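Note that chain A is present in both complexes that follow, paired respectively with chain B and with chain C.
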Partner chain A sequence: MLKVNEISLPPIGDEQVKLLERLSNACAVSGDEGEVRKIVMEEIRPHADEVKVDALGNVLATRGGSGERPLRVMLAAHMDEVGLMITSDEGEGIYRFESVGGTSATDLSGKVMWVGKEHIPGVIGLKPIHLLDPAESKRQFTIDSLRLDIGPATGRVKIGDRAAFATTFIQQGPSLRGKALDNRLGVATLIELVKHASPHIELQAAFTVQEEIGLRGARVAAFSFNPDMAIILDSTPAYDLPTWDIDENVRYNTRLGAGPAIYVADSGTLYDPRLVRYMVEIAEGHGIPYQIRQPGGGGTDAGSIHKQRVGVPSISVSVPGRYHHSPAAIVRLSDWQHTMDLVATALFLLTSEVLADER
Partner chain B sequence: MTEILPFLKELISAPGISGYESGVRPLIEKAWEPITDKLSVSRLGNLYGFQAGTAPEPRPSILVAAHMDAIGLMVNAIIDGFLRITTVGGIDVRVLPGQMVIVHGRQDLPGMIVPTPARLLPSSVQDIAVQLDYLLVDVGLPPQDVAALVRIGDPITFAQPPIETAGETLVGHTLDDRAAVAALTYCLEMLHNRPHIWDVWAVATVQEEITYGGGLTSAFQLHPSLAVSIDVTFANSPGSPSHLSFPLGKGITLEWGPNTHPILYKALKELAERLEIPFSLEPIPVASGTDTYAMQVVAEGIPNIVIGIPLRYMHTPAEMVAIKDIARAGRLATEFISQLDEKFMEQLIWED
Partner chain C sequence: MKSLIQKLVETSSPSGYEAQIRSVVRAEVEPYADELQVDALGNLIVRKGQSGIDGLKIMLAAHIDEIGIMVTQVDENGFIRFTTLGGVRAYTCVSGRVRFLNGTSGVIFMEPLEDMTKVPTVEQLYIDIGLSDNKNAPVKIGDVAVFERPFLDLGNRLVAKSMDDRIGAAVLIETLRQVKATPHELFFVFSTQEEVGLRGATTAAFGIDPDLGLSVDVTGSGDTPRRTKVRMEVGLGKGPAIKVRDGGMLADRRVVDWMVRGAEKLGLPYQLEILEGGTTDARAMQLTRAGIPAGCLSIPTRYIHSPSEMVDFNDVQQAVQLLVELVSHPVTL
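Let's turn to the complex of A and B:
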């Protein structure tokens, strides 16, 4: 096994954090990923052998490996984020909307949103507390009961426009806070991996669309690439908060600061044990902190990739993050660096040997 | 002349929850210093700005109040680096999850209010609205750093940045009642260049949201002949009862009810009509939730009125106000003060 200092690992410094900031502040609600796609294209075009945008809007890039038949490794990261779509114009700058990809009424209430390509600000306002009756204040909001208000003016927002949380990225001590870090972290990681590709494999990078509404982009991307195996880069929830009664939290899913989360099973995928074992060995062999994501629930693009064609051995690796799908997530810079280290090292040392034994 | 919009954006970007107004007061002092004859700060922290009238002494005086304090939160427990919170002022807890805040600890820390994940809550609260007991603030720091920087009782303010929205409106937190501070400042600027017979006391009051302490003590200390408070009122908005709210950007309100002196109301109403400043009568059948409620019963009693600025989504971190209405409130106050004559108090009789 090679030593870690013989592998050139993509660094995470100011430049990478700046890129993540641009990606996080961009809006790409499922089905309308153009703003992020543009950044991705700009970043990877000089480095990839071939780049194309497919029928659904996925960015598919390849960077070749040496040898006769290099191992084709698909890396997938979804570009889309949760948000909402404007569905009705009630006049005077007031609009109705529907959720896209799991934004809840609780997340939306009292928040400022960016609408459309111009990021026109609007607020999802609440009835003043002074005018609530006590029973009303105990009820949960429903999307139906909320409205978006861009101010008393007409014409700037259209039915069909998407809106995302108006959250500006910040760095706070060892943490990063921003919207859509699920999954701009994966996107930023994959951009770096294209820039610093392993020479031994054929890298098939898929920046996918519509993950949040049914893993739809990844499905066709995996068909096009027809890979030997796939690694999915995402960000998984960390529920490492105090429990209501300050009892031991045994349902944390993942924890911030504990390193990349390696998946064993989630609601869509039973991961390939050979790849789970390989990732764990790489982490332990190179002193990279890692954690096994608590099995069950959630899911990644692996859910559609691993069942494509005759099947694709798959593994997901995530940066743990708190509060996904809300106005902002909080993640640790160190977890991102260790995720990059783990995946880059794994790719550098990867050979077809890893799949030699039957599953 | 200070432009209302940039000044207001600056005002709402300064902290100052009730009882902790020292974050915003210097900004108001800076704006008032060149346009007042003297400035002082009271024992409870009210800011008094004085403009002398031209009548021979003893002159009648008018107090115009706008409260500078804000609703907000406070740290009430620290658990594994997370903060549990309590509210300062009336806040619909359901607006809190996902809001950005600043925790004013040994240094200012950006934080985010987050709900305890459903999987870590008792099953009895799974299907009801979020409760304050289960909300936390995450400042993104390890527990040992939080322990060093944050103490129980530290104030927490909202961090929603000011956002300019369509139709010359502004969205942000604490527009209740910094919008009125901006209106009062606008009024002082105009009065500074105009003769007025009466003395004018501009007061940026403290603690309105909790105790009315600023209103009570300033009215006692300054003992004005008349008092006007400028405060926000409910603007028409989705879900709000239309009979209790007023159009946004279409004019101010004048409160009418037991806290309003009827002759004072009549004088302002007739003046607004003459100046073509659009306004609505705002019926307040029992108690005005403003400094006026307190000031009316100070000492032997003070004739009062409230000028209202319509505001959407009151007491949330994303309130919305129309700049035009702020200017209208400031202008009406200015015109009223500059036309007050030495005999005005004699007109304040009960026409029974």
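Let's turn to the complex of A and C:
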């Protein structure tokens, strides 16, 4: 295998963490991705050959591609996050809402939220524990029974407004903590990859919308790009805590600190074995730590990308993160750096040879 | 034809990992193909004939993947936890054997059940390949395996793993061999990843852009012992089944009639099929691009998605006769 002494891999330094902080603190609940899109556009415009926003709101940027028929490589990262949508105004600053993407009533109760474009703070109320009778404390409650309390006389919240978890990003030693790291990590990674693109391939960067509600943006983005292959950048749960009920945790999905998670299978995609092999070879050949994500449920934008047109060989790579779809996820800086190293190296060395054999 | 069926069902190729079965099929069809292609998802696409004045572009699909399992963890005592590829049911697994693509074999068993009247979940199962720990295990996370079960010839009835849908592949191969002349441009598609959601047929249909689509796949039967009222009319040995509807498709009425006319012309027995759950590659074809007329020729099958799926050999041979007849003449829908 080729060695990459001469390439400088995109670093993860203060500048990149600052960018991730801005992305994490921005609100972009599915269908309302404008805030994150604005940051993405600012960052990539000076570097991309062409940038456009499509009908669904995906940012589609291309860069590079020398030679007669350069390999068209789609890189996708979804911009949206889970949250709420306000559905009715009950007066006195109390609002009903619905969940957008995968959040449960238990995740939401008692949480502080930012509502609408102005990030108006509100809280999802609960009956205080003082007033609960014992039977009630065991009762499962539903989203219908919860309300968002913004307080009276604000008048600035409208039906259809989105709300996101009100969490401010922090760095804590080797860890990063914030909301929506699923998938602002992917977005931040892809921004750096656009900035440091390898010129021999045609990079097709898709910052997608509406992933959390069914991989919708990626579908039209892949149709539009019509790529030769795709790499999806996301963040996947790490459930690597000690377990209390059995000897060994057999369903951890991924572990923090063990490097980027390479996918083999999830509920939406059986990843192209040629690309799985290639990623593993790159990692092992360059001493980059990696882990194979436990096959099973969940999924990424690959689920819709790989089935577009005549089919797109696809692979997903994720930064592992604890507590996704909650107000605060925790990831390791080292996992992010190693993810960047893996994907950047893989792109730098990528040729159409990787797809020469049949799947 | 029985030896062809045996060869196909004894090949290990779960969804997403169809390379082995594809090479077996390719060797069988290559001499009869005008053109042969493998696409990005691994579909084997065989063209025969050029479309004349009365001809259509017809896509015939049988999927070559089979249900299987994928390793999620090799634990510290060497036991293998797994997830499923396609509709594997835990009660068909216990005490069965599996074979990994690298040749490693093992037995599936389960954790002790607290309640013996309940069937176990897949999470309670594990594979034992004879290890004592997970050092230097020949199997790692992401590796795949299929049921290990030899082909059984009971005379009229044939039993094996992966009859779903290697029997359909056998019907297509045999049809390709027997078609002498056709007014159509025929695309025989040996599709991938059907068991996980018709994924191969979806991209193959987009690429071929056919005028008419027909899948050949297995369907259930209602002719086995049960205490509840029989809800499915289809049975083994009563001829191939012409699908009217299933869980994912209302077959095009014109396609159903076309198949019925063909069977009646040849004096072949046939059954009309209504399947409550499940669907076939025909759904993906029907919904491709702007939509096409699509239907399905089914092989009635007992014990689908178990390691011992049973078909009737006469049904299979009659399906071939019908398909050869259908694609050898102009189609009026």
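Of note:
The definition used in the following text is that the second predicted complex is superposed on the first by the 354 of 359 C-alpha atoms of A that agree within 3 Å, B and C clash if a C-alpha of one lies under 4 Å from a C-alpha of the other, contacts with A are read in each partner's own complex, and residues count from 1 in each chain.
Everything that follows uses one rule, which is that a residue touches a chain if its C-beta (ideal position, glycine included) is under 8 Å from a C-beta of that chain, and two chains touch if they have at least 3 such contacts.
All values reported here derive from a predicted model rather than from experimental measurement.
Partners chain B and chain C fit side by side in the overlay (superposition on chain A). Shared-chain residue A:273: touches chain C; no touch with chain B. Applying the stated contact rule after C-alpha superposition, one finds that A:264 touches chain C and leaves chain B untouched.
The partner of chain A that touches more of its residues, comparing chain B with chain C, is B.
Angle at chain A (Cα centre) between the Cα centres of chain B and chain C in the superposed arrangement: 130°, in steps of 10. When the two complexes are overlaid on their common chain A, residue A:128 makes contact with chain B while staying clear of chain C. Contacts of A:285 after superposition on the shared chain: neither chain B nor chain C is touched. Touch criterion met: A:296 reaches chain C, while chain B stays clear of it. When the shared chain is aligned, no partner comes close enough to touch A:116: not chain B, not chain C. Chain B and chain C never share a C-alpha pair closer than 10 Å once the two structures are laid over each other. When both complexes are aligned on chain A by C-alpha atoms, chain A residues 251 touch chain B in the first and chain C in the second. Per the touch definition, chain A reaches chain B in the complex via residues 90, 93-94, 106-107, 109-112, 120-132, 137-141, 145-147, 149-153, 156, 165-168, 170, 172-175, 177, 237, 239, 241-246, 249, 251, 257, 322-323, 326-328, 330.
Interface residues of chain B, counted against chain A in their complex, comprise 79-80, 82, 90-95, 97-100, 109-110, 112, 114-117, 119-122, 125, 127-130, 133-134, 136, 138-142, 145, 160-161, 163-169, 171, 234, 237-241, 244, 248-249, 289, 312-318, 320, 322.
Across the complex, chain C is touched by residues 248, 250-251, 264-265, 270-273, 276, 292, 294-296, 306-313, 355, 358-359 of chain A.
Chain C contributes residues 15-19, 22, 38-43, 70-73, 75-76, 81, 83, 85, 123, 140-142, 193, 196, 199-200, 202-204, 206-207 to its touches with chain A in the complex.
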